[in-house]
Amino acid sequence: MSHNTFGQLFRVTTWGESHGPALGCVVDGCPPGIRFSLADIQRDLDRRRPGKSRFVTQRQEPDQVRILSGVVSEGDGETLVTTGTPVSMLIENVDQRSKDYGEIANQYRPGHADYAYDVKYGVRDFRGGGRSSARETAARVAAGALARLVVPGVTVRGALVSIGVEDIDRANWDWGFVDDADNPFFTPDPASVPRFEAYLDGLRKSGNSIGAVIEIVAEGAPAGLGAPIYAKLDQDIASNLMSINAVKGVEIGEGFNSARLTGVDNADEMRMGNDGKPFFLSNHAGGIVGGISTGQDIVARFAVKPTSSITTPRRSVDKFGKDVDVVTKGRHDPCVGIRAVPIGEAMVACALADHYLRHRAQTGKG
Amino acid sequence: MSHNTFGQLFRVTTWGESHGPALGCVVDGCPPGIRFSLADIQRDLDRRRPGKSRFVTQRQEPDQVRILSGVVSEGDGETLVTTGTPVSMLIENVDQRSKDYGEIANQYRPGHADYAYDVKYGVRDFRGGGRSSARETAARVAAGALARLVVPGVTVRGALVSIGVEDIDRANWDWGFVDDADNPFFTPDPASVPRFEAYLDGLRKSGNSIGAVIEIVAEGAPAGLGAPIYAKLDQDIASNLMSINAVKGVEIGEGFNSARLTGVDNADEMRMGNDGKPFFLSNHAGGIVGGISTGQDIVARFAVKPTSSITTPRRSVDKFGKDVDVVTKGRHDPCVGIRAVPIGEAMVACALADHYLRHRAQTGKG
Amino acid sequence: MSHNTFGQLFRVTTWGESHGPALGCVVDGCPPGIRFSLADIQRDLDRRRPGKSRFVTQRQEPDQVRILSGVVSEGDGETLVTTGTPVSMLIENVDQRSKDYGEIANQYRPGHADYAYDVKYGVRDFRGGGRSSARETAARVAAGALARLVVPGVTVRGALVSIGVEDIDRANWDWGFVDDADNPFFTPDPASVPRFEAYLDGLRKSGNSIGAVIEIVAEGAPAGLGAPIYAKLDQDIASNLMSINAVKGVEIGEGFNSARLTGVDNADEMRMGNDGKPFFLSNHAGGIVGGISTGQDIVARFAVKPTSSITTPRRSVDKFGKDVDVVTKGRHDPCVGIRAVPIGEAMVACALADHYLRHRAQTGKG
Amino acid sequence: MSHNTFGQLFRVTTWGESHGPALGCVVDGCPPGIRFSLADIQRDLDRRRPGKSRFVTQRQEPDQVRILSGVVSEGDGETLVTTGTPVSMLIENVDQRSKDYGEIANQYRPGHADYAYDVKYGVRDFRGGGRSSARETAARVAAGALARLVVPGVTVRGALVSIGVEDIDRANWDWGFVDDADNPFFTPDPASVPRFEAYLDGLRKSGNSIGAVIEIVAEGAPAGLGAPIYAKLDQDIASNLMSINAVKGVEIGEGFNSARLTGVDNADEMRMGNDGKPFFLSNHAGGIVGGISTGQDIVARFAVKPTSSITTPRRSVDKFGKDVDVVTKGRHDPCVGIRAVPIGEAMVACALADHYLRHRAQTGKG
């Protein structure tokens, strides 16, 4: 079943296709009285925006967001205040190149949803991937920018920690560098940039693409968000991240590595602090235990598969049942994982906003 | 917010604590006319049941399931038929040992939800982990046994593929061995048993525990299940698996390894078969592309952290703000990942049943 | 689709059939720390209980409720405290008379769901109405008894205001009389009792039955519950009341009479009180304006159709396509509306509890 | 909690305020392959459009709908085909008169949500009623126009059956007259027009307003839609209709009158037809028994209160705690019930579309 809403109380519904006139989202359940400016939303959209370096798609989209409902202006011409009614945000598609889609319309590109779509729906908007295009993620980023404002004191940041077989050096981690103008990769490790550039240039020139791993860290989330069972905070973060295009794996804290650890080594021990508050001596758990946040940093990682659209021919079939060789031209990210950083941040921010409201509902706290 | 229901159309609600009188589930939305016997449900419960080897908890629970609603008997005394109304299943807790919980009641065990619970709720049922006990998973297994019957032709199987640093040899994979009476590990590799035994015995004797990785494979699922965006089949599988106690990571197909692959290597190429149907030359995708099943095997893996309850003392604090050393006695699985195999199967079966009904709703197919 | 859960945050799932071993509910989302006793739940169940007068069904069910999860005992043997996890409540069916259902199994009783069930599901539990039996409402009453405790300061009461063409005299309204031992009708008008008795006795003896109207009043609900559009408080009250068996109409405040009023007459004017708080000069709105509570009494009414099970023969068909005359023997309420009073209270209490939590989520108030 | 989505599978989310730049809806879950034209949507919007007679608001809004996603064009420039992805529809607000809202901004108009909003949210868009404006219903009508196409063979029609104390004569019922150009009332009784005109003119000139009752009839719905308990078809119709602005009561079939009937009189008897199919001899039930459609006409009625915005002064208070007299100028419908006819149709059509998909999900039928 088509289902384009996520969240229980901070509910985000997105709509739009790659080559339609526009895309957007409706954010329902946002608390009233939140003050922000259009620039707060635009800032995150600009970080996700295509065309900023040779390592991402050359499609040129200004991604200017309009807010159509759910806010009143404070009169200074800048400040908007949420009213508690649904916030509708719209982004026009500008650079839909008109080209001949004849081949793509009938061929099933490996790694794309083309075949599954035709089996499921019998009809599809093949232009630019239609609903499955990564352009849809602009709507998530807009919603996430609003979500960031819901939980007091929370900061959600992300960084790319590996491209293909090339990893960052965690000893060099510098959050300040992630959004640096000279950093086309959202890497936190300045030393990784030339390595990544050389690696990606090689892949791009050979008509190939590559995957990536992104890490999201939320600081300042209060303890108590989540639930013991089917609304675990980590479960909803996993669901949100896995819903991003091309994601094939999600982990929290030690993640898959925890399967290799002993209980002695994996325990996050506690002690009382001088401030009379307990603190943890480690964070293998990634800030979530038993589905509930502990007050530590929340740490999630997700794996993005290599871009399926490559210029190296791949064998496939067409909708008429004929064998074909598919070459996907056009303007594609050689590593879709790069621009996934602000998207991952948005999805974690949405999960936190939702659970903050749910926590407040059941306990009256927050 | 407490939220103990999962699924949109095949909806499972579970309830119950480790040391309460009983636990159970309500399965709502099950199609009418499904024929089964109590033994079909009991079989999966027996596979998950504690006390079957020295490598799992020694708590003795018969886990006899009773069906209280939603079925009529066919008169042969065996066959039950679903009526389309909610199926309520109940399992009594038998072996709740009455002991002194004084220390556990006040101490926060590292790796457990104790601290987060107290911050969130201010009250908790500390006996045996309360709602967070792995006993809750018996209810999932009962629901999953019913879910298996919803999608025609689907077989969902699971196997443990690693314990700690010990991996199976995939060349030895034998599905028939997984449920063998001489296999205490749900491993598909007969040669791994003595290795696993020695490894686990060593850990257990030293008062330690270990994590594991489980793989679930669903064969025979039709192409077309899932949705492009926020109801991706892989997203809901990830959510379901991440909701299992102690799970810290989930992946589909190549999973985290896909981040290290190139687009050329990761492409699942297609060709037309002699039967006039397209087939895939590989399955890096794990049977799901763009959120929608392709008709290939659906492959998911999840990582289970080591049991937090260990007899090696760990530093912690108590609810009175005092530093304490915690030793967790009692009857605990040294590797909770082992019994997670039938649980993982159940959660994947539930996701498939739900998406099968959703697919039928939107498209009329299936 | 079968859907046996209502509420968004205070979620009630019920299960069970008339002649199964038991019925029950799972209340999910209840705040932690609510203190109550089993007697608080049993009191409402006893009010709904069958067999208390000659004007209701003679089926004898003790309706003893058991609480299986979600609470801890305070140690005094009486006080239970909610833990925030799902509260499972179970009521055994005791007096399912074993009789020959041969005819009912194959005939479609007019006014009952028999025909619609067979068309929809192709299979049904015909014994005592199966899932559609009014016995299911015991589960609602149990859930409602818990819901009453969620919103501080709220009192939800109901009364029968008419049976057939016999109305109460509102000038005689006495809440204290509603639960009087000599009042078999939940009427608030002592003078109506002999009239109702004579009227009902006549109908019963002639093999007939009759409808009724019930009014529910919630006092003390805070202003601000509800939402402007698709989660209006009156909308959810209407949905909850219309979900009760045999209900054919719901209205709020002036209800259908408001369609006959002018704007001048219907306006609930306001003035400032000496306490510095605004107050209303009338309550045509029934305490809800624009979907949101105003702080006045919330007033809802619902119409219950006459019992369909009557001993006067009615024409119908059977499942083999033959014309038949149906006479429904057995133990039936001549006016199902009577026992609907505590059920209506429960459904309004559940709506208020749900909206109280939703209000707290979005605004932090309450 | 703000909640602006209704439906489980055919899900409609609406957004927008009276005086914002636009309003709209997102329809999610629509089956793929439905063929329609923009004119199909526009037709219903034109029926609801303001400014068409002196008996409705004089605000001039073209209400031109744009479809931004979820469809592909067939190439004939007219036919659109749904793809199964969310359908986003947008209507611009054109005639928001810029006037001084000083008084309305601070005064609580009796019968409006002003006071409740301020208590709940602390902030509101007071221009034209903001989110609570009846302009929101344009979005419902657009969604409903799509919903009409989902259930094969269903026709949903509505008519006004009374204005204030003036009723239609059912003997004159003529569906063909409802949309007649000379019928400003959606009345099915041509003879009622002069009566209604005189009545309304009198009210309007005296600065007053009046309520109305609307009846919706759905013909051709298959038997089997709905569910026994918390997803009864009548329950969801009641919920949908009660969510319309100013609605205070909803009834199905005989509705409140059924409370005055005996079981003998209320029974809808059945007989076998010559075509081998059972038929009903009456339709007191309004086409729904036990929550499930019987295949007869589905009949629902709802009561709309008189317009609260009147030019006769009413006593109230302002947000500063001062007594005030409120006179509501502006362009208001003297009877908001008139334009509620196409809105009621839309809401019933949406309920049917949703239940059709839910029925197909659980049973595979339809």
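Order of writing sets the chain letters: A, B, C and D. Residues in each chain are counted from 1.
Convention: contacts are C-beta pairs under 8 Å (C-beta built on N, C-alpha and C of every residue); 3 or more make two chains touch, one makes a residue touch a chain.
For clarity, every value in this text was computed on a predicted model and none was experimentally measured.
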item: Of C-D and B-C, whichever chain pair has more C-beta contact pairs; value: C-D
item: Chain whose Cα centroid lies at the greatest distance from that of chain C; value: A
item: Centre-to-centre distance between chain C and chain A (centres being mean Cα positions), rounded to whole Å; value: 45
item: Chain centre separation in whole Å, for chain C relative to chain B (CA means); value: 38
item: Separation of mean Cα positions, chain D and chain C [Å, integer]; value: 27
item: Multi-chain contact residues (two or more partners), chain A; value: 1-5, 8-9, 14, 29, 32, 84-85, 120-122, 130-131, 228, 357-358, 361-363
item: Chain A - residues contacting chain B, complex; value: 1-6, 8-9, 14, 108, 110-113, 115-117, 119-122, 130-132, 136, 162, 164-165, 203, 207-213, 223-224, 226-232, 234-236, 238-239, 242-243, 245, 248-272, 276, 278, 281, 284-286, 289-295, 303-310, 312, 314-317, 321-323, 337, 355, 358-359, 361-363
item: Chain A - residues contacting chain D, complex; value: 1-5, 9, 11, 13-17, 20-24, 26, 28-30, 32-33, 66, 68-70, 72, 81-88, 90, 120-125, 130-131, 357, 361
item: Residues of chain D touching chain B in the complex; value: 8-9, 29, 31-32, 84-85, 228, 357-358, 360-364, 366
